[in-house]
Amino acid sequence: MTQTTRVPTDTADAAHTREWLRRFQRVRRASEALCAPLETEDYMVQSMADVSPPKWHLAHVSWFFEAFILTPYLKGYETPDPAYDFLFNSYYETHGKPFPRHLRGTISRPTVKQVYHFRAHIDREMERLLSAPPLEHLDEIIDRLEIGLHHEQQHQELLVMDIKHILSCNPLHPVYRDDIRSRLLANAEQAPTAPAPVNNEPRWHRYAAGVRQIGADYPTQSAREHDGEGFVFDSETPRHRQYVAEFELADRPVTNADFLKFIEDGGYTRTELWLSDGWHLIHQTGWQAPEYWLRVEGRWHTMSLGGLVPLDPSAPVCHVSFYEADAYARWAGARLPTEAEWETAAEDQRPTGHFVEDEVLQPQASAATQGQGPQQMFGDVWEWTGSAFLPYPGFTPLEGSLGEYNGKFMSGQMVLRGGCCATPGDHIRPSYRNFFPPQARWAVSGIRLARDV
Amino acid sequence: MTQTTRVPTDTADAAHTREWLRRFQRVRRASEALCAPLETEDYMVQSMADVSPPKWHLAHVSWFFEAFILTPYLKGYETPDPAYDFLFNSYYETHGKPFPRHLRGTISRPTVKQVYHFRAHIDREMERLLSAPPLEHLDEIIDRLEIGLHHEQQHQELLVMDIKHILSCNPLHPVYRDDIRSRLLANAEQAPTAPAPVNNEPRWHRYAAGVRQIGADYPTQSAREHDGEGFVFDSETPRHRQYVAEFELADRPVTNADFLKFIEDGGYTRTELWLSDGWHLIHQTGWQAPEYWLRVEGRWHTMSLGGLVPLDPSAPVCHVSFYEADAYARWAGARLPTEAEWETAAEDQRPTGHFVEDEVLQPQASAATQGQGPQQMFGDVWEWTGSAFLPYPGFTPLEGSLGEYNGKFMSGQMVLRGGCCATPGDHIRPSYRNFFPPQARWAVSGIRLARDV
Amino acid sequence: MTQTTRVPTDTADAAHTREWLRRFQRVRRASEALCAPLETEDYMVQSMADVSPPKWHLAHVSWFFEAFILTPYLKGYETPDPAYDFLFNSYYETHGKPFPRHLRGTISRPTVKQVYHFRAHIDREMERLLSAPPLEHLDEIIDRLEIGLHHEQQHQELLVMDIKHILSCNPLHPVYRDDIRSRLLANAEQAPTAPAPVNNEPRWHRYAAGVRQIGADYPTQSAREHDGEGFVFDSETPRHRQYVAEFELADRPVTNADFLKFIEDGGYTRTELWLSDGWHLIHQTGWQAPEYWLRVEGRWHTMSLGGLVPLDPSAPVCHVSFYEADAYARWAGARLPTEAEWETAAEDQRPTGHFVEDEVLQPQASAATQGQGPQQMFGDVWEWTGSAFLPYPGFTPLEGSLGEYNGKFMSGQMVLRGGCCATPGDHIRPSYRNFFPPQARWAVSGIRLARDV
Amino acid sequence: MTQTTRVPTDTADAAHTREWLRRFQRVRRASEALCAPLETEDYMVQSMADVSPPKWHLAHVSWFFEAFILTPYLKGYETPDPAYDFLFNSYYETHGKPFPRHLRGTISRPTVKQVYHFRAHIDREMERLLSAPPLEHLDEIIDRLEIGLHHEQQHQELLVMDIKHILSCNPLHPVYRDDIRSRLLANAEQAPTAPAPVNNEPRWHRYAAGVRQIGADYPTQSAREHDGEGFVFDSETPRHRQYVAEFELADRPVTNADFLKFIEDGGYTRTELWLSDGWHLIHQTGWQAPEYWLRVEGRWHTMSLGGLVPLDPSAPVCHVSFYEADAYARWAGARLPTEAEWETAAEDQRPTGHFVEDEVLQPQASAATQGQGPQQMFGDVWEWTGSAFLPYPGFTPLEGSLGEYNGKFMSGQMVLRGGCCATPGDHIRPSYRNFFPPQARWAVSGIRLARDV
């Protein structure tokens, strides 16, 4: 997939693979750290069809290394159980028939302990492979390893989202981590009880019209300063030209206080604000507020990984569907940005938002000074764009089963950009294209406004 | 509910409650023994809407004692968590809104450990109550305790059925208990590989026409030889007259070998054998054999609590729906018995089948000599009758929430009689009316034929 | 099916068949008379899955004569279109795959005119057959003709119910016949605006306990006074013994005024009054009153075949489901009668209710003097019983496809007795067993109370 | 909505409105001509939720003139029935609650005759209005009239598609027009029985990269040569820049012969060719060929408005979903064009395909000489593009209820371009954006391939 030309000196290779091994170990540990606060029972729950049990996530990302690296490239590799290849295949139809997604929560064996054993087994075998890799396949192994690590990071984000949903479904409002609860309650204490009128309207940054370069190419080896840099998914390629008309972008995401004004202004009851599908959806579901919002004794609260906490008016609104984001934008006399606009604005931005490393796992108000360009483009909340998730001009999927990675989902979904408070900081970049169906709300999805000039 | 007249001598009462406490402890231990082979993860699974997670069963039967005995009658009783009253209420709408049944598998907290603590708490508090019961409520307490114990025994049977379903959904075919596997494999080795033509057609026992006494009355205290004897559920009352025409009943349940002949004769493809609803059902579901049957390398196997084992041709067929039972009977030139016929025949029979205490949890061929009346009327498989589950003439439900026990389900269900290999032996009696919807197959449900003379 | 011994004198046969031909013509004309007020468009509508387009009814009952009489017995019979055998077969799976029921409203051809031509064709060919019947098959022809006529009468009743549903779905509230509207409005004017407190509580008739003869046998030819008398459906056979305990039966059906008191007393909100399935159903559907009731400017109205008219408080309540009938009875401290009880009470009753010949097609208050036994047992409203529709002891379905007539529906349905305002008066008898699923409301189904002594 | 400046001379106005009146009459007559071959019964059918009964179409397009022109602008206008405003409103939520779409087939009244009376009433009243229009609203009236006429033309196309579906559902395979049948059979006779290997691979036309002008602006009055010219829907506006990379476009649509090769090459069984949603869809539905294809005695046939006819291998394939179009393109080593590419190629093309005026209502092979640029860009089949139906940069919907016209459907749908054999020839233009959900097949939707250079 990458057209690298590599000087195969043993020493360079050895350093190279050692570095990759360290990255591998770091990413693998991060997944387990996210699950450390869980009870065995939590690992089992599929609280809705979109959610996977944490146990499944842990096993599936390991299966990925088994199926695409160890089985083809590690001589004598043996799986702990051949059935795992069926149980933990997510959707790779060309690899074999996957186990039905909506039944993942019904599989009690292998147990959590066995899944951790599976992980340890994969870790050991990957170490064995990388200690003495078959040089004729080294490029391919590293390419797949790199995908495998980004794949595991994607599942780390899903783990956070799914754990939040799993615990939020429980009427006991369990707390995932007490320190998160303490931080969120401290935030809430500082915030005014009734959401204050937010006088600080967003400021608008203007971008000139022109043909822009959008997307990314697979990096050549020589272009990378160090290992792991410059990775992109197939869906971000190729870098290509797009004409972008003049536009303005808000300097901050829409906040909870902003969104409350929409609600209080009858936003959920005014048909003219909604796409037809969205209008029918909110009537079917009865949605009157973002996911996880709960009115307790006259005050809005939200479920978080610190349990039920008062809503922080200054934090970016999250857990809204595309339809709600779109209706909000229409109400505000604006619109959602296209992904080309977003990428244009993001290209030179440094991250000023919160990532999974900040360990609060809930979008926070930014401390950044205004006026230095759009803030929080990366982190806190994924930002819905007005663009459907479609192939870029010239897009070619990877060969083989990995070609199923992104391309086959290019239908019926909308693009989100920028990463969120559950995203590993080194997983994100301006060209990154996330995508969800327009009705999804359990992702950490928020809103940034754009407008025509 | 019972019209007892009791001589309230302290000593008699004390012995009486001691005896009840022992029964309570015995039943409570039996539930936990059934769960002993489970992994924590198994406790969490709701493999279909009809199945409840074992954890839920353990908590729910404890909640029953809390809601109906401890809270009303034990002064100063405190619950470990007030939310349990919502989470573990099954369907008592008059007691409060129950937690949605199909979401039971999404509740990871309380954990299994906490549920065992809840059980221990209930046990301790029940002991405290029964050590010094308020004499003015003693009758009512004992009445409710008796129901609570039979209720828990019903859930023991459901636990076995649900555990079987949970493990059977898993493509790894997990084994619940190795000793069960060994016994079933031993049985299978003795059986011929190809199901032999069963020459031993069932023999028919004939019963004369006449007005019969069917059902049971609540026992008076004086009529009971010892505590706990003579219990009946509300749905079995009152004892009443029914005219039963002359009929014949088969001396044994239909076996797997019998049912295979039905399959091989195109039973599932011949519309004239089926009730209309059944015909549509088997086309929707694609059923071609009983639940849990699997053809492996040309030989029929079945999932059991010993994992996947070869089908034993001489064992009673089980896990068939009412529709399959009815179609089989029509194919065989017979019909299902009515519950009055069944009870008529069962009245004088001693149990010759297998119960939960036999610890094989799979129907077995009977060793009983033929010719001594119908065999295995009790145990091995619940036997579908041709009777809908309807109130007996003069039926009155219990007062209060316990009145929801059986009466409100008297619609859309068929009666089964006799108990099965998962039933506690002291839980069953000739007048016992079990019921399931006609499409249910995860119960240990089988077939006994009747015919007109 | 009947075991007749017949003296085959030509003259007797000729008179016999002439009489049958006259009956045939009478019944056929009655179907067309019911459709006379319809617009072509009305003939096409399937307003819900249970409803069939009137065009389909007209064609299907004709197909019955074609499939079961003309094709087998009339030499050289030719169908107008072989596809009709597929299009107009309702559910006779042994006769060939029927056209999917829920799509009947999508078939615009044959047109209404062509269906009337089909009817005329069948009529002519039946006349041809009956003018010179093959004597060796005469008995069988007459037997099937008799069934065919009763079958057509059943569909006449369905036609009325379906037309009512079709027109009632239309927000324009179309009127089927103006004279019906006039009569119903005249009734309404006499009735008080606010439903008066009905002081006339029903009187109760008591019936002694005993073994009763229930059901009917196929009549022998000799036992019939004249042709057509004594017909019974297979489901009513055989006449058999049942023990019926002492009971009381109300002398009149429950009225709209009665049912309003149930509503006003919170009947639809009190869980303890409802079967579990019914309770869930009314929450799913939002039912708060019988089908077709509509509150207009503070006053209850009902859709009728005379359009929307004010509710007549003294008329029997109708269009209630079994669950509502059952809940009402529980609220009233009574219960629904069993079918054996109903038949016991009906056996000696003369019809005092309204039938299709009364041409009002809406239940009416009875003018009959009280105190002469239960009134309106026949006519006005079908009365839900507490009995499931199950085979009688000794029941044997007819041979061949006609064996599908009733037997295959003996699952999941409840029995109703007595006929209604849409029933042909000569179609009904004490042993007649009608049946509907417990949730059905578009039938003219009402309530009569029974109680234990 | 249009920013016209108009010189209000009476004579010019009079000529102007006379010309519009003639257009109005022409379009109105065309709708009725399309329905002329129907039986009354055909007008009633809603053969699936997406289809509307022809009667409804005829009434709805008339209601549009009533609701948006007559009621606001014709003094003293009276509707034949106020309920029509509810019954025949399609989806204008801001105008009032529309009657549920899926129940349109249940409304038998108004009858077909009454609907024609309604049409005549609207026609008369529109003539009255246009004979003496209120000059201060003339611009707005003409603007709305123009939309109304294009709206009615859209429904003419839907009428053809819906009538085809309605008749095709009927196992009798009714013929809509005999002359169409004759023409299609004549075509089929000329075609080889077995689809010949199509040696004529499509030729590819290449288009240079560059910034293109896409879409259209509302025309100014002065820019129109004559009345009615230059109309565009809101969704086509504004004309804007897009960068289009170099690409190639096939000179002809994919034919039935081409598509047969895809089928015979296992196209429907190869997961790697399909979008994930499409793969699941074809498994749910069992699709193995385009809609309306039927294999009769070893030869492919298709339902048409001439009944069931042998498949013409040289005609463009139609009635394929977006998923099938996309899978076909992938199989062929190509892709679907974007709408900007399509519009780029179409801009200078003259129509060479078949329109509704050709009166065959089935796509036909083109007689056009190859090599003169892409053929049949307009007419025969709507061509699926790879573009989602989204707002153009700077898009603003119309004011008021007409703003619901297109904008609210910009979610979950794909764009098709070019018109089809059911499209009025004067209704189409290069910038026209049609749209359907990706699973839709009852539209006359086909495939044209594009590829990267």
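A few comments on the model shown:
The first chain written gets the first letter, and so on, giving A, B, C and D; residue counts start at 1 in each chain.
Operating definition for what follows: a residue touches a chain if its C-beta (ideal position, glycine included) is under 8 Å from a C-beta of that chain, and two chains touch if they have at least 3 such contacts.
None of these values were measured; they are calculated from a predicted model.
The minimum number of touch steps linking chain B to chain D comes to 2.
When you average the Cα atoms of each chain and compare centres, the chain farthest from chain D turns out to be B. A separation of 47 Å divides the Cα centre of chain A from that of chain B. Centroids of chain B and chain C (each the mean of its C-alpha atoms) stand 39 Å apart.
Across the complex, chain D meets chain A through its residues 91, 93-94, 209, 211, 240-243, 245, 247, 271-272, 274-279, 322-323, 326, 335, 338, 386-388, 390-391, 393-394, 403-404, 408-412, 438, 452. Taken together, the chain C residues at the contact with chain D in this complex read 39-47, 55, 81, 83, 86-87, 99, 103, 105-112, 166-167, 169-172, 174.
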